[in-house]
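Notes for the one structure printed next.
Here the chain labels run A, B, C, D, E and F in written order, and each chain numbers its own residues starting at 1.
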Amino acid sequence: VYPRYCGFSTYARLPSIHEVSNFDVAVVGIPFDAGCTYRPGARFGPEAIRCASRLIRRYNMGTEVYPFRDMQVVDYGDIPCNPFNIPKAIDEISTGVGNVLGRCDGVVIIGGDHTISYPSLKAISDKFGPVSLVHFDSHFDTWDEYFGEKCTHGTPFKRAIDDGLIDTSRSMHVGIRGSVNDHEDIVADEQLGMKTIFCSELDDNGFDWVANKIKNRVGTGPVYLSLDIDVADPAFAPGTGTPEVGGFSSRELIRLLRSMKGLNIVSGDVVEVAPAYDHADITAQLGANIVFEILSLMAVARRNKTATTSA
Amino acid sequence: VYPRYCGFSTYARLPSIHEVSNFDVAVVGIPFDAGCTYRPGARFGPEAIRCASRLIRRYNMGTEVYPFRDMQVVDYGDIPCNPFNIPKAIDEISTGVGNVLGRCDGVVIIGGDHTISYPSLKAISDKFGPVSLVHFDSHFDTWDEYFGEKCTHGTPFKRAIDDGLIDTSRSMHVGIRGSVNDHEDIVADEQLGMKTIFCSELDDNGFDWVANKIKNRVGTGPVYLSLDIDVADPAFAPGTGTPEVGGFSSRELIRLLRSMKGLNIVSGDVVEVAPAYDHADITAQLGANIVFEILSLMAVARRNKTATTSA
Amino acid sequence: VYPRYCGFSTYARLPSIHEVSNFDVAVVGIPFDAGCTYRPGARFGPEAIRCASRLIRRYNMGTEVYPFRDMQVVDYGDIPCNPFNIPKAIDEISTGVGNVLGRCDGVVIIGGDHTISYPSLKAISDKFGPVSLVHFDSHFDTWDEYFGEKCTHGTPFKRAIDDGLIDTSRSMHVGIRGSVNDHEDIVADEQLGMKTIFCSELDDNGFDWVANKIKNRVGTGPVYLSLDIDVADPAFAPGTGTPEVGGFSSRELIRLLRSMKGLNIVSGDVVEVAPAYDHADITAQLGANIVFEILSLMAVARRNKTATTSA
Amino acid sequence: VYPRYCGFSTYARLPSIHEVSNFDVAVVGIPFDAGCTYRPGARFGPEAIRCASRLIRRYNMGTEVYPFRDMQVVDYGDIPCNPFNIPKAIDEISTGVGNVLGRCDGVVIIGGDHTISYPSLKAISDKFGPVSLVHFDSHFDTWDEYFGEKCTHGTPFKRAIDDGLIDTSRSMHVGIRGSVNDHEDIVADEQLGMKTIFCSELDDNGFDWVANKIKNRVGTGPVYLSLDIDVADPAFAPGTGTPEVGGFSSRELIRLLRSMKGLNIVSGDVVEVAPAYDHADITAQLGANIVFEILSLMAVARRNKTATTSA
Amino acid sequence: VYPRYCGFSTYARLPSIHEVSNFDVAVVGIPFDAGCTYRPGARFGPEAIRCASRLIRRYNMGTEVYPFRDMQVVDYGDIPCNPFNIPKAIDEISTGVGNVLGRCDGVVIIGGDHTISYPSLKAISDKFGPVSLVHFDSHFDTWDEYFGEKCTHGTPFKRAIDDGLIDTSRSMHVGIRGSVNDHEDIVADEQLGMKTIFCSELDDNGFDWVANKIKNRVGTGPVYLSLDIDVADPAFAPGTGTPEVGGFSSRELIRLLRSMKGLNIVSGDVVEVAPAYDHADITAQLGANIVFEILSLMAVARRNKTATTSA
Amino acid sequence: VYPRYCGFSTYARLPSIHEVSNFDVAVVGIPFDAGCTYRPGARFGPEAIRCASRLIRRYNMGTEVYPFRDMQVVDYGDIPCNPFNIPKAIDEISTGVGNVLGRCDGVVIIGGDHTISYPSLKAISDKFGPVSLVHFDSHFDTWDEYFGEKCTHGTPFKRAIDDGLIDTSRSMHVGIRGSVNDHEDIVADEQLGMKTIFCSELDDNGFDWVANKIKNRVGTGPVYLSLDIDVADPAFAPGTGTPEVGGFSSRELIRLLRSMKGLNIVSGDVVEVAPAYDHADITAQLGANIVFEILSLMAVARRNKTATTSA
């Protein structure tokens, strides 16, 4: 027995890739933030989430599952990528995630800024085909470009949709809020085929309405869960680059994630944790717990599949 | 197109008073905190809110309005006032706000401590007559004096009521909580003709009850909205001088403000943001967004008036 | 009249033990944190809570009571105890708290880590017999040992139950959440005779259900209220050693405490405030206010007893 | 034996005024900062220095003296004064310090902003006659007024000179640096009869030159030592209101103070510690140590007098 | 007279470009940090230095000059540049600086990361021909590439030398220290024709030796002074991206700059201030003062030229 | 090539013990702080130093050596030890360090509080016999006990001397300063046979005097270098538990270490880095660099030995 603060900081004190060779699921860091438009620093997100994750224990009371017992999870370390050249980095990330997926059944990626979801979805789509995207964020991230650049943290899902990586008919945004440049931004996103649950709809319609809307939209196919930490209110997640006041509490967010129990979550990411703006690691701890919730959802999905198969 | 972090930090990247000569509404800083009784530093509030406001975009999804398109809004800069002599500062502020109101239709003032609402209301009352006051705060701010001083951040509304600047029959406090010196403080405030929605009443009676109570109280006359950032819980607004635990979340606060859509908001202020105690600018960002919500309410009120007039 | 920031920092600017000789209730610091398993520093909790408590005023609007008028409350200062030897410290604390209780009717203890509740309960049980425990925490704190040690901040209530200090049939945990080592941890706690209100049950069943469950469980006998500040979400209480995301807001927590009005609260503690991780004193202010709420509950309980006696 | 972090935070864990009735020297807080021109918050200086002083032990290796053994030193607590009205506060401070000096031989005052040195010098001069002033600061603080106000933290020594409280022929500034409004500021200060050791002169002429210049200037009469913490570089003292880069290190500063051993230091002050801008208490610790050095110098001076008298 | 904390935050409260049309020297922000290899955030450097510069007054005691009186200095605002594409940004910066230099005699640039010195030197060289470079830094910044990228904050002076923008025979590095990848890094830099004063040489040889070495190397031709704030020790400049312990103090650094009085400084830059890592603005204040020292050197150089011309 | 912020955080990005099996020297963390008397938290020192060490490159310019090329250095990870029971931890640490030393030639230990030097010296002495101790600290750490405890961070070298682990005739303290309980503390330390270079002696006698005094004292035998980060001034090392103002700068400290080039340094430790009080990692970076300097000294000593042997 080791004290929790003891030893190298792998995610949740899991074995590192140096210690195991076979695994079902990998936690992977992508320390890239060159696609960021405001406060940079998410390149230090993987390290911060790993350090903060040491308090995470084995059993998830909410989803009633032991993700690290039921699946062999490894901390794969980081995928290195070019900090100066976005197209190069996009290639390195999609190749890197593809390599990991070649060795296991699913990944949970720790960003990095939201740019990384596009190359990650390339690799995901290669393995699973076009997936349902459940996107928690205060922003749409479906702009077509920003300052003339096609790949930034404001554009990943436009790129992914353009490339056919997402089944938009089963995809949605959750938690959108804040000012936008134009009402047209909302319209344009709808025209891509996406649906949105605005943050205010939780107050207007209640938790069950939101949870059901997600479930009904998603159906039974493979789901990629992408969560931008700025979907949480800055009180709960100050450590991020483009904060928007008026967001979800940590408790609401975790409850929403747990309501997705039973959906076919195959992989996911947690992005935009920027520790330079964090305090007492509260953002990193939230990020670490969200990774744990996603892993738990994946463990349940996997159990369901096994049950179905063996039935 | 400029990156949002680029250029001088005017409120919401609006033109400064050096760049435009005609305007409908002015955002005005009053960096005064000599009326503060506990943690000082609100004199740096205008600067902090300006810097934090650069993430604010043009369209308000909640109230469905483009405040900067529908009104010409300017960042007027700061009204200088004496940091050592409260009576002199009171005169400088009322004169200064009066001068701004002589050039436009309304102001949103960024404090500074709550002392400034008294001289601001002098100028407001000169233009609009006695106004309805909707006062968001965890404190009444209707003491008669503090340490023998008549004008402090604990007394502005007593002064304003004594001077007849407020129509108390249409005015109220929202968000009061925390310990008080005496039950008599509550009674004394009632005897001034004010009504109060205590913070706990949101839990007891629900959002709609609160929203309706405000609307019914206020009616159709001109409203001045004064918001002390300490009405929010310290988790959402640590950067303030006399914090009280147990307050509104940012989401609740913004939802309450948006529920006032349609009221005749003519001006307002956001006070008590003290950045020395803030973290990652979350208090300043909340302040910046509240200024945006007030401007949006003013834009709607203005649209309603135009509609009525032109009908 | 003194400005609130003026003078020695006793709790709520109460007289210190050097200034009064007779008192009904004592606020007592126990700056001990050698039982801590993760981030240490709660030894500075008493000082931080005293400093932050200066904004607390005399009248509690929620419970409608003047605790400092209705009871003579003193700041007793700290009980010194050995930082290097847990068994010695346990003895020093139980003796120290016993001495205080020999001079008055009840105490509110400021920790220090949760280890201190065990020796405090020894002294409490000596005076009141086995008490009902209402334990607010995100953790059970009923492990049998940790790294071979019997007395740590993860084990105080196992020790107290083993020693018969608690009437488990009237006791409960409130606010439990987060990952646990094993489902067996939950089962083992139940087998001790405790009941638990998990944090998620507030969302599932509502406030009144929770409040009633506590009241029904507790009954009319003497109650010891032990509150680990990590029962609050890290957004509201970052300054603590083993934070768990997804907890109560300050407003929820205070509302829960106030719902216990009328119960026979005889003493209590507020533990695990670690100011090194706090920001702008928000955790310490929450701690200070919880002390105030417990004192207010004790004042009401005392008034009820007097009323009963004199009737 | 108590752990150093245990118990009420009096200066250096000295007895408080509630615990002793006779004393030779008093440490006195004056939590006043309404004379501040830039970043306020020095009102919390006394509390911060008291908390940080708990690491101070009994023997001063540098000056080879036990100040707390050789003199009965008490922590007198704070002198309350009006935060809103400078003239009233000036009166309260001079009266308050006078009262303390009526009960003992000398004081070390903890500010508060530098405004307080003027009323303190009134009381000092009443007891000792016009004193030699050794003024450590990055600023002259001899302006005649600021924004029309005669008593601010930029003017105390002009006021003191005008009132004849200082023997300018034996007085000097040490550590002046930074930009000034005008070369005339330097000339005007010289015309008051003051001499200055600029910060750069330590580099140009060496430590001994500076130390001797101070000693030769001061002579054998009573000396008041006033130290603005901004004389230290912001790296060593970030927690202050008007920092100037390029100042003394803590080691240089303490060495300079120790070089004054043997001078007839009768009282002194340490001002402008503003903990809101401090980090890990380093500024408060420096302040606490400077108070200790002044007390040590006073103890040596007192020993010298006794030796002379008894010879 | 305005309080220093009042009004828009231009550098040293100078007029903004919106307020004046003719000027001799411009302070220009370049909020670019996409060339950063470790902790990003220098894009917020211009804003932080502007805010911190408000304490700067008119007269420089060290160089005995009034830079704002002797030259018309303007705050030009920021040059916007692409955050995602380094080559585009390089073009935008060299064009932007060229435009400014077309309207005045010299610039002081506020970065941004050190990448910006290369495009700035393009514009400088266009106006002045190849200049002497005095480069204060803990790093050489003469690598040929980094991760395959030619323009990063580790390569600006290799690029400038390759393009012939610098007269290496009159140029030097000052303050180099810390570990390097290889001894070859040092050799390679020498082979470019640069000379270096290592940080340790100040300790070994004294201040005068260093000052003279700089003067002798530079001669009388036009000098560009580029200062990376990481040349200062992290205690004095924590707010930067690639800190190296063991650097200059602020006082040493300012003394070194002042020793360059009389050299023909025509322009300069202060780079790598990253406020996310700063505390109490001490790094930004140091940056602001260094800008002031460069402006003062430019004012002296200009005075000398005028004297020569008019003689 | 990986960006420096990429990958698991081993010391200086060295291979972890999971990646290599043979090595000459090990960097070992000991996350233990239960012997701390004031601000705890040094248990997080190893993690903080590892993260901060990523900027360290291969070549040491000061000592002209490539420590990672000339020796196979491994990051061994942490030695787990009991946080609740000091005697158990002492055993675990001496056994653990002994195990490491059984596999290699030397260690550099990262604390943890200073308690750990005693059990480390047990293992060192087992391998090398009684060693010369060069102890950098602001405190003697040779008390016999503290609160009745024999093993704390104030007593390690008294224990080591009592056990004959140190050759006191070749050992010394460097950097002692601050107040002490009693002049007898100094005398008692001398009576143990230790010599001391007080911090003030650097100012009095100059660098060369100090450097020679160390070298002359130490001679040619094996040396253990123990460095408490509080030997540096709090401006350079705020992140520590018992700071003392007036200490060495980082540059002085590194220069002192480099002056020991050629001594027979066989192992060492860097202790008391407590990141909860650090800012922008400056203390951790200093600690990381000191580890690098010790490794460099060990590499030189090793080279010297090889040269002698092969001669």
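In the analysis below, a contact is a pair of C-beta atoms (placed from the backbone, for glycine too) under 8 Å apart; a residue touches a chain by one contact, two chains touch by 3 or more.
All of these numbers come straight from a predicted model, not from anything done at the bench.
Note on connectivity: the fewest chain-to-chain touch steps from subunit A to subunit C number 1.
Annotation of subunit D and subunit F: jointly contacted by C, E, touch as defined at the top.
Touching subunit C and subunit F together: A, D.
Between the interfaces B-D and A-B, more contacting C-beta pairs are found at A-B.
Centre-to-centre separation between subunit C and subunit D, using Cα means, comes to 42 Å.
One simple way to say how far apart two chains are is to compare their mean CA positions; for subunit B and subunit C this gives 38 Å.
Touching two or more other chains at once are residues 1, 3, 5, 37, 43-44, 83, 147, 233, 235, 249, 277, 279 of subunit C. Chain pairs that touch one another: A-B, A-C, A-E, A-F, B-C, B-D, B-E, C-D, C-F, D-E, D-F, E-F. Against subunit D, in their complex, subunit C makes its touches with residues 1-3, 5-10, 16, 18-19, 29, 31, 43-44, 47, 51, 75, 77-78, 80, 83.
Contact residues of subunit D toward subunit F in the complex are 1, 3-5, 55-62, 64, 207, 233, 235-236, 249-251, 254-255, 279-282, 285-286, 289, 292. Those residues of subunit C lying in contact with subunit F across their complex are 33-37, 39-41, 43-44, 82-86, 88, 146-149, 152, 276-277.
Those residues of subunit D lying in contact with subunit E across their complex are 37-38, 147, 177-183, 185-186, 198-200, 203, 233-235, 238-239, 242-247, 249, 277-279.
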